[in-house]
Amino acid sequence: MTETMETTDTTGSRGSRLLGVVTLLGLATLLLFAFALTEPDVRLHPTTGQEIGQFDAVRLLYLHVPLAVFTYVAFVLCAVASAGYLVKRTAWFDTMAYAAAEVGTVFCGLVLVTGSIWGRPVWNTWWEWGDVRLMTTLVLFLMFTGYLALRRATVDPRASARRGAVVALVAVLDLPIVNRSVEWWENRTLHQKSTLGELKIQDLTLFTLMLGFLVLGLVLAWLLLHRFRVGWLEREDAGHGVATAIAERRADIDEGDVDAAVGEGA
Amino acid sequence: MSRFFADARLVAAKDLRIEARSRVLLNQVAPFALLVLVLFGFALDADQRTLRAFAPGLFWVAVLFCALLAIQRSVSVEQADGALTGLRLSGMSPAALFVGKASAVFVQLVVLEVLLTAGIIVLYGSEVEQPLLVVATGLLAAVAVACTGTLYGALASGLGVRETLLPILLLPVLAPVLIGATRAFDDALGNAAVDGWAWLGLLAVFAVVATAGGALAHGALVDE
Amino acid sequence: MSRFFADARLVAAKDLRIEARSRVLLNQVAPFALLVLVLFGFALDADQRTLRAFAPGLFWVAVLFCALLAIQRSVSVEQADGALTGLRLSGMSPAALFVGKASAVFVQLVVLEVLLTAGIIVLYGSEVEQPLLVVATGLLAAVAVACTGTLYGALASGLGVRETLLPILLLPVLAPVLIGATRAFDDALGNAAVDGWAWLGLLAVFAVVATAGGALAHGALVDE
Amino acid sequence: MVELNAAVALLGRFPALTGVDLRIEAGETILLQGPNGAGKTTLLRLCAGLLAPESGTVTVLGHDLTAGSERRAVRRRVALLGHSTGLYEDLTVAENVRFWARAAGLDAELSVERVVGALQRLGLDDGLLDLPVHRLSAGQRRRTSLAALVVRRPELWLLDEPHAGLDQAGRSVVDKLIGDAVAAGGTVVVSSHELERVRTLSPRVVTLAGGAVHRDTSP
Amino acid sequence: MVELNAAVALLGRFPALTGVDLRIEAGETILLQGPNGAGKTTLLRLCAGLLAPESGTVTVLGHDLTAGSERRAVRRRVALLGHSTGLYEDLTVAENVRFWARAAGLDAELSVERVVGALQRLGLDDGLLDLPVHRLSAGQRRRTSLAALVVRRPELWLLDEPHAGLDQAGRSVVDKLIGDAVAAGGTVVVSSHELERVRTLSPRVVTLAGGAVHRDTSP
């Protein structure tokens, strides 16, 4: 009994603790590179000679872009797991879908926040209406907020899983639109097109960006792992709870009470 | 197959009959729709020209809000006294049930759209330049909203918090319909030089996906 | 008198506790509020400047729609299982009941307004130039909406069609609040050269009348 | 205590009571029976001051219920158990009963004591107290609803099918409640379809039919 | 016909059934009793295919209800009378019964005939047929709800407190319905708190307690 208590006390294991340490160290390194070691974006205007560019704002690149990419990863994972649930109806898929949706929503929220903060100096506005990528990203965020609200509002775990899966499969249809929007609506967006392929950025910038991908990937994995375990333990706990509850319920039966309740034996 | 359509018709007829009895659409949703138009007028405090420029968007926002009411009602009719359990026990296919409920909502939405069109013509001074585009947009958007709404109504049904949960689930999904239909109306009302028929294509795709997907997914929800 | 306030507090505490249990405000009405702002953005398809100009009006339309949800919920809590009959039999004064229910709605509205203010700052690029005016307008309008809404909620309660009836009863009555609060925000957000404080006066009068009138009339409705 | 003369009550336009003549003395227990739709529920609601009589006179606890203010006054002195249970789904059993105790004007201490007593009497044991009402079975809800009445200690009890949905133990509890209410000087009107059960409670059975008193076995 | 082995069913996370073992033969009538909250309603819903068993096996009319598709298949072959009546408030009594007949797949002519028969059997006379359901009394609603079941002529009847709210005439009608159903080869499970009444229907009484079969007076 005490042993199970110990293992259910924490969502970590030696491996995940190691992962956690690496992730935290990675985050610190990333922040160091992003906010201290890399240069701000300053160029001289070819004719006037004024200083132009994004200055320090460009440092958000190292967070914003990896966050966006891993939002995709999380939501795709959620959709795949949801589909898996609808086919197989096993708890594993459902727990994974819920975990991925929650972590993905946090990431998506951070994309919006970093994007807004970046947009303020660069586009001179927090938010740009009519920018298709921004709007589709926001819709994505809202749909998964709805997903989470639905899951929290449903007590019956089966109904919650089933309904959530349907919502996730609908919501994920927005992903390709977010990704392709800058191409489809070229003239309707301030937002950067996909430029990562044709990188002509200086070495340190490139390195930091790659570091960003690595580190945020670790963050995603770490969060997912823990969120999944929390979900799993909750479920197991509920399972144990059911076993205990069944035992309690059956032990609670009192012959005399039952007879009184059905009007016998008196 | 004929059982399928018979069942769908049965359900749609039942919902429309309840509608006709309680007069909710006529006495309440319709005035609400007009009210929303008037409120926008107040809120924007704008001259006719501005209102006219924004008429397509306001029109479709008003349609969405009214659609929310119609769908809430469509769900609560089944929920109020546990009729949904009866339907689940009736052996009716969930797809037929879906088509039936969605059709009834569709009919109501079309009525509302006609009314709101009259509303923006009178209140905002809009002019219909391409009637065909207006009709096509109205019909396709109504299909899209009715099907998506019925599916999401089933998602939110049985939860104590349905009234508030449904809007936040449904509205983001309907954003493409709002945008597509607004652009199409922009063209049809001569407000902006966009290609309304192209946007109509988007609506058509959405409507088809919503109908097919809804009929399939409804089973997973209603029939547990 | 002390019984009066004790009863009002009892009712308000009960409603807020139900709120805290079901998390409807946090998980659903609040996202809905933001959604409404986003939908307007889509529908007006406007640049930041236009949206900023219309921000006050859109803000208050959004508040009204959210208020509708909050009031629906406040009514349906009493209706769901006939608790209202219990309250009528409890000997509690209808005015105390009114104050209690309206206070709970008021608290929720204030939370929503804070959220929506953040929303228009981020999404529409509004800037708060006169914080005091914003706060005063927000509070007075919340009182006005909560009181009028609670009264009209009682009017519509017990009718099968409440969900759809309430909006059309309530929204026209709240038109002055919408206009007054919009003008006051126009001033407070630096959008237009109007005298916001004068409009605040209108709101104050409305709020006082709604509170007093509501407390009086509620008896006639609830207590039949 | 309760006196109706040619009392007519409308539901919408339907005359659910078509002229009821009835006199109930203080401390009496009367049983109300009659076919479905006879008007039992309507009669109880009328006596509780929830409906206005269309014509005739209705006097309850000295209040003449033709006047709105008198109907309001009488309400706090009666307790009505109706077909619906009047509970808040998201609050727990204990919270519900506590709320209704406080709403009836009991002060905090008194209500705690009475609430505990009422919950015990209705056999709502500790395991149930912290469950939200939406997780109760039909009979458990009904018991909670009865507990919320018991805390009020009213002068006139109007019970509409109080045994419905309860198990045998619950039924005995209700019978005992009624006995205690009468012992404490209360007056009780019980409507029921289960006459075998209820007839032990009192010799006086009033049969309604078509919205009027059809037979009255006054002692 | 119906066979449950160690069947567990959850409501949310609460084990409403904690391991039910029960076997019912075709043509049998069994009476289900037990304290409030024992799990009677849950057992009936489980047998109707409305709930998935958490563990154990449930076989009804040859369908193994652990599979979703089988649950779907069994539903159309059973009839369940629940605590709520499942009627549309704004439709009339006749319209409601007609709708449920058609929804069960009866064609137009057949359903007319059966609807008329069912309404008559339940004692819903002409005056009531065109009333919208929201204007009915509690017992009248219940009768309408029963009429909507009767038209289906199911193989398995699951009746949750069918006598509740009915007057004496209504109770006899229900008893007769059950008798007729059995005579026509149906199987009937009746939950009830009114044993004196119900015991004449069948010698087999199953007592539930704590979500399991506590006693079974199999003949």
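Every chain is named by a letter (A, B, C, D and E) in the order it is written, and numbering of its residues begins at 1.
What we mean here is this: a contact is a pair of C-beta atoms (placed from the backbone, for glycine too) under 8 Å apart; a residue touches a chain by one contact, two chains touch by 3 or more.
Just so you know, these numbers come straight off a predicted model, no measurement behind them.
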item: Comparison of B-E and A-C (more C-beta pairs in contact); value: B-E
item: Chain whose average C-alpha position is farthest from chain A's own; value: D
item: Centre distance in Å when chain A and chain E are each reduced to the mean of their C-alpha atoms; value: 46
item: Between chain B and chain D, centroid-to-centroid distance (C-alpha), Å; value: 45
item: Centre-to-centre distance between chain B and chain A (centres being mean Cα positions), rounded to whole Å; value: 32
item: Residues of chain C touching at least two other chains; value: 22, 27-28, 31, 35, 38, 42, 44-46, 160
item: For chain D, residues contacting two or more additional chains; value: 89-90, 167-170
item: Residue list for chain A, restricted to those that touch at least two other chains; value: 135, 139, 142, 145-146, 149, 153, 158, 252, 257, 261-263
item: Touch list for chain C against partner chain B, complex; value: 22, 24, 27-29, 31-32, 35, 38-40, 42-46, 54, 56-58, 60-61, 64-65, 69, 72-73, 76, 160-161, 163-165, 167-168, 171-172, 175, 178-179, 182
item: Contacting residues of chain A [partner chain D, same complex]; value: 252, 257, 260-263
item: Touch list for chain A against partner chain C, complex; value: 116, 125-130, 135, 138-139, 142, 145-146, 148-149, 152-153
item: Touching residues on chain C, where the partner in the complex is chain A; value: 23, 27-28, 31, 34-35, 38, 41-42, 44-48, 51, 121-125
item: Residue numbers on chain D that touch chain E, as the complex places them; value: 11-12, 14, 33-38, 41, 83, 135-140, 142-143, 161, 164-171, 193-196
